[in-house]
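Just passing along the structure, written as structure tokens.
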Amino acid sequence: MNALKVALYILVFPGFVFQSLYSTFLEWMDRKVYARMQNRRGPMYTGWAGMLQPVADIFKLLSKEDIVPAQADRRAFAFMPILSLAAVITAGLYIPVWHLRSFNSFEGDLIVVAYLLTIPSFSLFLAGWFSVSPYSLIGATRVLTQLFAYEVPFFLAILTPAVIAGSWQISKVAVFPWTATGHWWVLPVELIAFVVAILTLQAKLERVPFDIPEAETEVVGGPLTEYSGKKLALFRLEKDILMYVGSALVACVFLGGFGALPPGLERSEIGVLGVLLGGYAPGVAGVLLGAVHLAVKTAFVVFLLSMLRAACARIRIDQIVRFSWRYLAPWSVVQFLVVLLFKAKGAM
Amino acid sequence: MPKAGVLVPELFRNLRSRPVTRFYPFEKAEVPEGFRGTPRFKAENCIGCKVCMRDCPSDAIHIEVQTLPPTEPAVEGQPAPKPKKKMTMVLYLDRCVHCARCAEVCPKDAIALDKEFEVAAFSRDSLRLVQE
Amino acid sequence: MTVTDYETDLKVLFPGSEVRRTQARTFWIGIERDALLDAVKTLRDKLGIRHLTTIVGEDMRDHFLLSYIVSGSVVVVLQVKVDREKPEVPTLALVTPGAAVYERELHDLLGIVPVGHPDLRRQVLPEDWPAGVYPLRKDAVLPKPAAEAEGGKPNA
Amino acid sequence: MPETIHLPIGPQHPFLKEPAKFDFDIQGEEIVGARMQMGYNHRGIEKVCEDRNYFQCLFILERICGICSHSHTTAFVQAVEKLLELEVPKRGLYLRTLVCELERLHSHLLWLGVAAHEVGFDTLFMYVWRDRELIMEILEEISGNRVNYAINTIGGVRRDLTEAQRKKILASIQPLLDRTAYYAGIGTNEPSFVARIRGVGRMSKERAIEKCAVGPFGRASGVDMDIRRDDPYGAYPELEFKVITSDECDIYGRVLVRVYEIVESCKMVKQILENLPEGDIAVKKVMRRVPAGAAVSRYEAPRGEDVHYVRGNGTEKPERVKVRAPTMANLEAATESVVGAMVADIPIAIASIDPCFSCTDRTTVALKDRKRGRRLTTWAELRRYGIDWYRKNRRISF
């Protein structure tokens, strides 16, 4: 019975099926918002207002001819999309979707998720490396260079709320502002870390202005230049799910949670803001509200990402390294110091 | 001096305004007066001077002049009636560049360009227009 | 300096050649092949006319005529006759690097060899174009496409 | 010393809107060597013109390029008019110049959009192209079609401008100026965009002169050259305008030059429409036979100096037509300016001259294995192979 439940968790909710569907919805939203900001219409015809377009795109790719370059390492070439997809789905299982505790939650899952989210970058690098084409090679080295640029600020940023909450568990970090020991105003304190997290998440997702590894006009498709058919479809699905997991992670740790409290924590008085931003409800209502709450938060983060995509030009690889180490990393450290100062004063 | 996010107000303005994209295959754009579309032939005006053939830059027009056999027998003593001529224009639309030179040089206005702009086809044969 | 001043100066600088003026500010000067480099340098140093607009190659049937269009405040067309049997000219690419592309084009289309050109690759013709066929020569026999397009107008 | 990799770009590549081939030697992200190869768009138009009469040539030459189609016909008809010694009526010249300037507006806006797209700034690209429709609609209104206007004829223009059209164009100039000012603000203020164009693709004034660079590319390096002022034609002697130059010598300068040229062009369009003389638009009777002789005609196309050289021989057909498009003069220089920059700068640096390979080339090429130096296949073989493959494997015949 228990095994069946776990299988359901992994395959259906909050696992593969839910993640695929919700992430394609997020992709649709991203495309629609991006298009409207550019005064275009975006996807129109598949489903209501083109809602099924991302699904259709993936099915189209699945039905396309699959070509493997003659010089590429066939097994590694085929393995990379599966590896990265598996990594992001696993990471997604730790996101507290309907509940403030995911079924496999444990003390330290924040670290696990953060590490699992670096695997797609590495597999993308290896995918480019095994393709053996100049464009893939350049793209692959760019993936790695960019990884070194954004990874440290990203970690520093998402660990800041954890330090405040004094826990490495996503659900506890999420619910901390509404517990008896926490306060809702820890959320504005984390503002710098939130901005850094959004920027680095954009870099992780390789979207404008940080779509350097896949810059179409420069290196065609970057590491994915030689990919086609099913393998490319898997990579695309991975990209979508990565967007969902990344945004959901940022939303959870920075924007507060909603749902049932994990054991060992007590609830504080919920004010107006608490009701708006998160809070607590028991039973089925808690489950539903929790899920809706997370969906809305995630969509908000994706909206910010779309806006960032629309407002900028792509920068160069040397510029992102400089930007990251000159601004993002120092500011995350400053945020850390601020938080430590608060903690030392006993304010939290 | 560079300022971050200069485009953001415009982004929000556009988010609220109506998109400018037209639903092309369903809503067609109006072409202006004097649009140069497909050359159309009026056989009754044509005198068979073939100036259009001479000046067509892409060699897309072919005018055939066919002399029809007289319908009435010639009457003794009177001048023979002028033989009637039948004009046919073969237009190779796959070659036509829509420059309207034919319409411009035609002395009798036997060629005029219509407003048809969706002239793509799957085979060249369907682009060979015989107009009488 | 007015256009007339240029005319006087050009007549002084090119005493052996006829300086013909047309179209308000264009001067046509016929010069010898070997005098070309000096002429370009003279124009550049004495009159400040240094922008090489283009080089036009023509097949005049008994000889080739190259027109070097050099411009500044006025346009000077230096016309050089080239022997059909020995189609060679000194290269300008070392004096005016911008001339390199035009000389490559001449070499492709007319078969005129700019002697001393640093990089004489093919410029416009395909790599499987037959050697020795120069399309802009009047006597060139051009390869016809092997197949006709189906349904199209028959080739005359 | 890192390993040098050979990076081929083209003939097909997302950043190339038309086929051309570039070979770069790169070490990591840095470019250490650059070569280019044109000819993928060579259509033999110069040869074709020898076999056509002057009016046919006119329309063939118009199809050299989709963006600067009016440039080529104007340069050509000017040369023929010189040979025929025709005096074009004032109104004809003004209308011709009007289309010239409208074409420059639409070309520069197009370029700004493409440049933004090359650095991934798609939002600016969409906005600019949306507002470019203003100009496209005006051109459509005047000439009938959007791309090849076919407005020129030997001895004048083919269509007159009605009073209603004149008013309509005048009304749409001000919104366009406002939008241009806004884009100038975005182009110089958005940090990510400025970071990509400032100091990139440098070309010194000396090198630009040596390489005979023309147009906005040369002017952005401080080469003060503009055919409209130096060798005036059309209605330009009677118009007031500034020649925009910049000493930035980089892509930033080229953006500035083009944006301010848009403003100048708007002013010129206004002047033309306000002072449009009455009268004929074309010479009534034009000789079909052009006397023997040669004429050079220079024209300031949106991309720079466009030159046509026409030699008549007393018949209806020209003896020789030579076209030198502005991209031809700039492309080598632009390729050179990339050396020392980074791979990411290639698209924007090449695009900064607004390359138009259709203009520059006027056939096809075999694939060649560079390492082993042997020919792999010709286009004809490749085409045959493709057809056979599909017939065999997909049962599709062509």
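Each chain gets a letter, A, B, C and D, in the order it is written, and its residues are counted from 1.
Going forward, contacts are C-beta pairs under 8 Å (C-beta built on N, C-alpha and C of every residue); 3 or more make two chains touch, one makes a residue touch a chain.
All of these numbers come straight from a predicted model, not from anything done at the bench.
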| item | value |
| --- | --- |
| Central chain (by mean CA position) | D |
| Chain pair with more C-beta contacts, C-D versus B-D | C-D |
| Identity of the chain that, by mean CA position, is farthest from subunit B | A |
| Gap in Å, rounded to a whole number, between the CA centres of subunit D and subunit B | 28 |
| Inter-centroid spacing, subunit D versus subunit C (mean Cα positions, whole Å) | 22 |
| Mean-CA-position distance for subunit C and subunit A (Å) | 62 |
| Rounded Å distance between subunit A and subunit B, as computed from the means of their C-alpha atoms | 56 |
| Multi-partner residues of subunit B (each touching 2 or more other chains) | 7, 11, 20 |
| Residues of subunit A engaged with two or more neighbouring chains | 37-40, 310-311 |
| Per-residue multi-chain contacts in subunit D, two or more chains | 123-124, 127, 130, 190, 195 |
| Contacting residues of subunit A [partner subunit D, same complex] | 37-40, 134-135, 137-138, 141-142, 208-209, 211-212, 215-220, 310-319 |
| For the subunit D and subunit B complex, residues of the former touching the latter | 52-53, 55-60, 62-63, 123-124, 127, 130, 133, 140-141, 143-145, 148, 150, 153, 158-159, 182, 185-186, 188-191, 194-195 |
| In the complex with subunit B, residue positions of subunit A that touch it | 33, 35-41, 307, 310-311 |
| Interfacial residue positions of subunit B with respect to subunit A in the complex | 5, 7-8, 11-12, 14-15, 17, 19-21 |
| Sites on subunit B touched by subunit D in the complex | 1-4, 6-7, 10-11, 20, 31-36, 54-58, 97-101, 104-105 |
